[in-house]
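A, B, C, D and E are the chain letters, set down in written order, and residue numbers restart from 1 in every chain.
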Amino acid sequence: MSHLLSIIIAAPFVAALLLLPCRSTDRLLMRWISLLGSLVSLTGSLIVAWRYDIKAGGLQMAELYPLVPSLGIDIRLAVDGWGVSLLLLTGIIITTGVLASWTLKDREKEFFALLLILVAGVFGVFVCQDLFVFFLFYEIAVLPMYLLIAIWGSSNKVADAGPFRFIWKLFDIGGREYAAMKLTLMLLVGSAFILVAVIALYQAAGAHTFDMGVLGAFKYDASLQKWIFPLVWLGFGTLAGVFPFHTWSPDGHASAPTAVSMLHAGVLMKLGAFGVIRIGMMMLPEGAHAWVWAVGLIAAINVLYGALSAMAQKDLKYIIAYSSVSHMGVVMLGAATLTQGGWNGAVYQMFAHGIMTGLFFALVGLVYERAHTREVGKMGGFAQAMPIVAAFFTLGCLSSLGLPGTAGFVAEFLVFAGAWSGPHLWWALPAVAGAFITAIYVLRVTRDVFWGPGPSEQFHDLLDARKTELGALWILGTCIVLFGLWPRLLLDYIDPATTQNLAMATQTAQLTPTPATAVAAQAPPPVAPPAATAAVAHAAAGGGR
Amino acid sequence: MNFHDLQPMALGVLLAAAAALVLLTDLFTKPSTKPNLGWLTFGLLSAVLVASFTLDLRGEVASHVWRGGAWPVFLARLFLVAGLITVLGGMDHIARKWTYRQGEFYTVLLLCLTGMVLLPGARDLVLLIVCFELMGIPLYILTAFAKTDSGPKPVEAALKLFLIGAGSTALTVFGAALLAGLAGTTDMSVLVSSTLSPLQGIGTMLLLAGLAFKIGVAPFHMWVPDTYEGAPTPVVAFLSVAPKVGGFATLVMVLWQALPRLIHVWGPVTLVLCALTLTVGNLGAIAQRNIKRLLAYSGVGQVGYVLLGLLSGREFGVAMMLFYLAAYVVTNLGVFLVAHAVAEAGDGETISSFDGLGRRSPWLAMSLLLFLLSLAGIPFVAGFWAKFFVFVAAWRAGQSEMVLVGALFATVALFYYLGVARAAYVNVSAKTEKIVVSRALAGAIIACLLAVVGLGAWPSPVVEAAMAAARSVSGIGP
Amino acid sequence: MTAILLISSALFCAGVYGLLSQRHAVGVLIAIELMINAANLLLVGFGWRTGGAFGQSFALFTMAIAVAEVVVGLALILLMYRSRGDVQVDQATELAQ
Amino acid sequence: MNPLISAALVALGLPAALALLLAVVPKLRRTGKPAALLSILGSLLALSAAGWLAATWLHDPKQVLDLTTSWLPQSGKSMSQVGVHLDGISVSMLLVVAIVASCVQLFSLGYLSDEPAPALGRYYAYQSLFLFSMNLLVLAPDLMQLFLGWELVGATSYLLIGFWFTRPAAGKAALKAFVVTKFADSGLILALITLVAWTGSFSWNATLPAGGAEWLALFLFIAVMGKSAQFPLHIWLPDAMQGPTPVSALLHAATMVAAGVYLIVRADPIFAAAPHVRLFMTDLGAITALFAALIAMVQTDIKKVLAYSTCSQLGYMISGLGAGSLMGGYFHLTTHAFFKALLFLAAGAVIHAVHSNELSDMGGLWRKLKFTTVAFVIGSLSLAGLPGLSGFYSKDLILEAVHESGNPLALGLLMATAGLTAFYMTRTVVKAFFGKPSHAAEHAHGPGPSMTIPLLILLVPAIGLGWLAGPMSKLYGRSYAFHLDTIGMVTIALGLGGIALGWLIYGMGLLQALPRAFAPIARIANGSTVDDLWALSYSKLGMGLARAIAWFDRYIIDGLMNFLGWLFMWSGQRVRTLQTGNVQDYLYAVFGAAALIALWGGWR
Amino acid sequence: MSSLEISLYAVGSLTLACGLLAMGVRNLVHALLWFGLSLMGTAVLFAQLGASFLAGMQILLYVGGVVMLLIFGVMLTREHEHLGAVREVNHRIRAAVVSLVLFAALVMAILHTPGLDQAPGLASQATAGVTLDQLAVALLGPYGIAFEVLSLLLLATMVGAIVLARKRDPGEPTGRKPIGRQNLGKQRIEGLASPIIALPAAAASVAAIATVQAPTVAVQAQAPQTTEPAVSEHESPAEQPTDDTTDAPVDVAAAVALSAQGDQP
């Protein structure tokens, strides 16, 4: 039983613990500890990618640690193709996040500790095969957000208008505590739904184990699936920025400090989408099949809605936050198509968008740190003062509008192809329109902020990215181009995993695989981790009549 | 009746002896040496706790009037832990504020604990009610212990508690009278098979109303916020925890043990009360400024979840309820002691007195955060397992809607818990000097912290013990 | 037997009425004593009906408890008098909202 | 590995490597001139490889070579291939691109000599990137890689137009160019996803379901309209002149805009099966040709004239392809690439000398810039379709094809355009080179050697390519025999008439009435109603909708969430005030509840 | 309707009337008196139901003890005259509604419950009732443990009541404010007097506890005097030595009164 996965999860956690004792004066030590923690995870995920045997596919490097045997809860780790790519993404984002927040001034000990705990949770979710521990890691990943935003965030004013004007007296809408509280509460309402779904699944599958393999293979009856799926979808969807519940993400990201919004938009939103697919679609085929039209419709709205509202924003961070909502819409759209191409595209988009948003928020952080304003109208002509930042921003823009040769294109194209060959043809149209609108507002922002004559007089200390930030930008930039030019680096991992997972999602749904993709309908049951100890069927299963 | 066949009740007897001992030593100690009365009580309590592990406490006393076994032992340990932490935490306060009446305080406290320890074993209605009163009446005394030293608040709190308590005792007695009278006996095991009749229904309801006062279930909870705010904090810590566990133990024995066939009567009522308690508890806490009132309402909210556990089945539900109570006892004591530490530093009891705690005393802020997270039910702290197990039990008993309602209210709860955490970490306060905490109080808080984190990381042993206790009360296990 | 039941119920409800409408603390105490007394009557009645000694012994215990409550109640009333100057129950609203 | 394929890989890989090198190593880029020389060396090597390939293909045109590897694996199999596909069409286009690109890069050395070193380095990085993406497009084995090259070319054009980013006009133009082309490219995306939905791969000669070809051709044509600046989507081409002139020469004359035509040629099997779309193409091409020619007549900026002329010539090519003659369209593309690049570079030399684009600042330059004048005159004559020069032959083929396809309307329009083209080219030549010299033209100085050599190189194909029509047709796999018929004669007459008319009006100053007759057209052109239409739709429709949705999101949906929060706070307040503090009320609550549940208990 | 029931109804309605009057009368002392009468009524009912010992206890304990105690309570807390012991009643309607609802529920249940009157024991022991020794055996047999726990309860009540009621803790110097821990040491010298007083107080409380324990132990032998503990708990303050301080007369009187009342066993 290899311990690689648990090392990846534990590394940030241990780094966080190591941070606590050191004094707040030795700033550099703290930074190096947190950087070390994230680097260990990054190299770990690289090793996982290296040692993952693509031919065999399925779940590998399984680990098992009992937690509450009497209820069948044990920490069960294993990684499949998807897990590899998402681990890699998380590793990259946390390393660049730590690099980008090198110049943080106040209380950096707690900041880095909370950040690392957050990322440990995220690592856990991607590799966990036990439904309960999946939910546990999910909660850990959500919780430090509150303190991170409330303490280190920044407030922005929102004019009070519209029918709910009287609420402005009670909350200071747009402030950082408001944003932190709204984010935490909405995500936790989501997790309340998930908790109910988790218990329902556990109970329906004989209430003796939480192992996802067993729960996934179990045939739940259709009516149960029909009402559990929306719970899972809304629960995880809130984190993935699904249409009506996305309102926390613009405020949350705009108020969060750089590294936090990088991590949150870059990785945490993927958690939501991953959850919907992993638990929603793979474990509840009939439910998925019944509700997939709604998921697709909302995702299509998401793309267009996010793009359009981004076009009208005046604050730099809000633009990028709304663009994340739009790109997450693409991910959900890919997932909703229930086709091979769609799912490949969805997972690839998770990776690509993660890198892109990470780069964007890092850059915006740099600009904000130097220009102390995020008002696009006030800024102009920054390219002269900071050419490198301008160059990377342009690269980020080109990737987010889906220019081939950047990771963004491959993902979006796969999703469009999947949507077009899937049952609901017309979903692809708003998605393509969304991609086009993204091109407009993204390039317009580049022109407003970076191009144009020289920076106006009020920005005097505009110096370019320094070495640590530069490192972060270089890592993200190369990822975008590398995975854009040669997508097989990642697709070789994602594709076999999609075939297997899709088989699970469509096997009981009598959904004949669409002719075009000629899915080889072999449905090997997911390789159960070796010799998982049969959970003790505890005596109290009888319960009260 | 000689000493030997009192073996199963050994814990109760020992505690009574301890009370007497403390009362006597109080006579001979000079005011200056009175503080080590606190340490004496602490020593005695830990001795009894150790005894609970070493002695064999199974078997029956006086022809099944009092039955030992896993159920009374589990609860006894819970009460003893609560007592230990209260004494340890409050020792400094008591010694300073009531130097001359410490002895009486500890005696009354020990007697109250005796009542609690004897309660779970009682299989006879009379013994049950007397133990219930032995648990209740000392609380009135303890609440008013600050007398008129610092303003009228403690007295008013005690008076409110007393008046409603006495009213509830009357209700309990009348209900018990009806039940016992109809069945023709006060022995609960016979009561089970008594003939069903509307009068018995009313008797059950009145009994339920009387017992529900002690736990602070919704319509009967009105005294909770005022008493918590008025009474001195260490007493409130004990008051918020131990009688609730005692009340629930009585409810389990009366409802599940004595009146299972009347489930169609008290089942729906308890469900309605549970929903009401959740709503009032969580909503009430949102707009609170005083930390103790907030914790009072949060306590009422938590009772809602425990009631949900009680409802969800005779064995698994009750087991999960016990685990929830264990987690609740430790967490609530911890939170109150932290609030006490902050109040002792002269800051008062409003939430804004917690401002900047993160800087002034990092470990206190960290423990406060962990306790709040445990109350809110966030992973890797005791509270999460508690809520989760209760939800599983409730789901298994078919209360799926209640689980959803409970989960949503947990989110509302997080709102006001985070409000306090925000005060500690986010707000900046003018005062920057460190908060100095007395050794005993610090020890108590750390003990709670270890328990909460320990339960969070490795809940299995307590889960097994709770299940054994549940089996023993429903007559299956020893 | 229904006679005893009716009378004790009536007494009990009288006690409840008194409890809710008294303003003086001692008045409340009286009401509570009356209610407990009704319960005792009921117990003795049932004891008489079934002939067992349980009724009367239970009544004895309840009496003891009732007296204990009165004692503590009076002590509290004394304290209240000392701290507030009056014993009006509905004026004691120091702890509110 | 077949040496030919390795040559193709060199042509593809070398510019990519150079672009990467210049981008990644800032120090190298900041050196300026050395970086430029490196890039020019790269383009020359690519040119030699292309030349060698063209030579081998000339004497064996049927040969087809492939080297591809899977790019997008999907459920085990590979959905799209990436690599090199060599056949007659791609090799010839490769040669054209290589020649023009190296000439432009050489020319830019002189033209941009006074740019600061880092900017020059950045310019040549973009140039190498462009060459790589164009080669990628040309050598594409399937429509996917073509699309890759297509979009990369669009991106580099955005970067190159916005090279002088300090100028707001350049920024606006770059954004406009990219957005319009991106809008059209969504058509190509739709085509691709339809193709993959039907056939599972992107190759253009896959069997399509009935009627499928029509849809596919339509989607492809939408993209072509955007890239090759056809009528409604041509608005970005004139603005693209903000970029440096060599860029206009390379991208917006010879190669990039021709990519659309290349796509139609490449995807010939699809278009062959789509008669309706081809008819539409012919008509649209003709209309664009005429419309652009009319506007070109009244332009005062020399680059704008050439831009509109390109737009008009593209219309020609597309209507030719629409009429079914692959040979005509593609051959015209090749010849046009050379003489239009020649014209642009010559114009560049003039602008470099006079430091202004306006024709009014020029005049009588033939004394100072003798060689440039010769180059410009030959170029314009070839464009006008003077028999003997390359322009005539390709234009004649197109006219014959349109005539044979039986489309009198289009034929008429195209004939008129031929005349107009000759007229406005003469007007430009006269205004710029002959006439009385303006103040700025006084002390203009001749272009340096680095600018004259490219002109010389481009002169050769501009003149001689017409005669090579035979071998070129073999390359394209089509038959060709030159024969002069009535259509040819009429066009020659129109061309000569146009030149004469131009000379009369502008050279001699006679018949001033005609220019005044053109005044209304001038107003339409400058007003460019189509342009405003697009701008209006963007600002009113686009931004309006965006602002509405942003407001809706912030105040309605977010408002609802806040309202929920407010509701809880409000109810919390209510519950709090329930606690009156009066024991009487508490007792009332307790006993009231007890009474109620007792009632219920009794009733059950 | 046997004769017993008729008499039961008669006395019962009488008791009820007194109870209602006790609750309704405006003047508190009158209320107390009516309350005493209603207690006596219950005692008569007990007698009718054969629980003669209980009737005795009722008279002794309730009427003698509780009512007297309450009267003293009222006297002690008599605020200045103008307020008077008046207790006018608010929310009267609300209280009436609640009690009537409860009463209706009870009556409905009573009427619907079958077999109330023809229970087995009714006819045979109508008169004899439960004999004394049966009661004693029950008290020490099955309810033995309850008995012991009751004694603990009374101990707790006693200790608590004393602590709350006394004005000054033994050993506390006369300074009004309770002194903090830190300056405890200084009190040593002039505080010497306090231990001298504390010693007899301690002895007295030991004696008090002994008396409480003794009867319970003794009573295990003979059943009847079980209720003493309930009465005797007031003895301990009696030995309270009269303090040397000149505190307000009221509380001294209270201490004396309390002890006096509790003396008649």
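Methods note: contacts are C-beta pairs under 8 Å (C-beta built on N, C-alpha and C of every residue); 3 or more make two chains touch, one makes a residue touch a chain.
None of the values given here were measured: they were computed from a predicted structure.
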item	value
Labels of chains that are neighbours to chain B and to chain C	D, E
Reaching chain E from chain C through chains that touch each other, fewest steps	1
Chain occupying the most central position, where position means C-alpha average	A
Comparison of C-D and B-D by number of C-beta pairs in contact, larger one	B-D
Chain separated most widely from chain C, comparing mean CA positions	D
Chain separated most widely from chain E, comparing mean CA positions	D
Centroid spacing, where centroids are CA-atom means, of chain B and chain E in whole angstrom	28
CA centroid of chain A to CA centroid of chain B, Å	42
For chain A paired with chain E, centre-to-centre distance based on mean C-alpha positions, whole Å	70
Chain D and chain E: spacing of chain centres that average the CA atoms, whole Å	104
Set of chain C residues in contact with two or more other chains	5, 12, 15-16, 19-20, 23, 25, 29, 40, 45, 47, 49-50, 52, 54-55, 57, 61, 65, 68, 72, 75-77, 79-80, 89-90, 92, 94-96
Chain B residues counted as touching two or more neighbouring chains	126, 130, 133, 137, 140-141, 144, 147, 159-160, 163, 167, 171, 182, 198-199, 201-202, 225-226, 415
Multi-chain contact residues (two or more partners), chain A	185
Set of all touching chain pairs, with the criterion as stated earlier	A-B, A-D, B-C, B-D, B-E, C-D, C-E, D-E
Touching residues (chain side chain B, partner chain A) in the complex	312-317, 319, 358, 373, 378-380, 384-385, 388-389, 391-393, 395-397, 400, 403-404, 407-408, 410-411, 414-415, 418, 421-422, 425-426, 459-460, 463-464, 467, 470
Residue ranges of chain E touching chain C (in the complex, touch as defined)	5, 8-9, 12-13, 15-16, 19-20, 22-23, 28, 31-32, 35, 38-39, 42, 45-46, 49-51, 53-54, 57-58, 61-62, 65-66, 69-70, 73-74, 76-77, 79, 83, 85, 87-92, 94-96, 98-100, 102-103, 106-107, 110, 116-117, 119-122, 124-125, 129-130, 134-135, 137-139, 143, 146, 150, 153-154, 157-158, 160-161, 164-165, 226-227, 229-230, 233, 254
Residues of chain D defined as touching chain C within the complex	576-577, 579-584, 587-588, 591, 595
Complex interface listing, chain D residues touching chain A	70-76, 79, 147-148, 151-152, 155, 158-159, 162, 165-166, 168, 170-172, 174-175, 178-179, 182-183, 186, 189-190, 192-194, 196-198, 200, 538, 542-543, 545-547, 549-551, 553-563, 565-566, 569
Chain D residues touching chain B - in the complex, by the definition given at the top	568-569, 571-576, 579, 581, 583, 585-587, 589-594, 597-598, 600-604
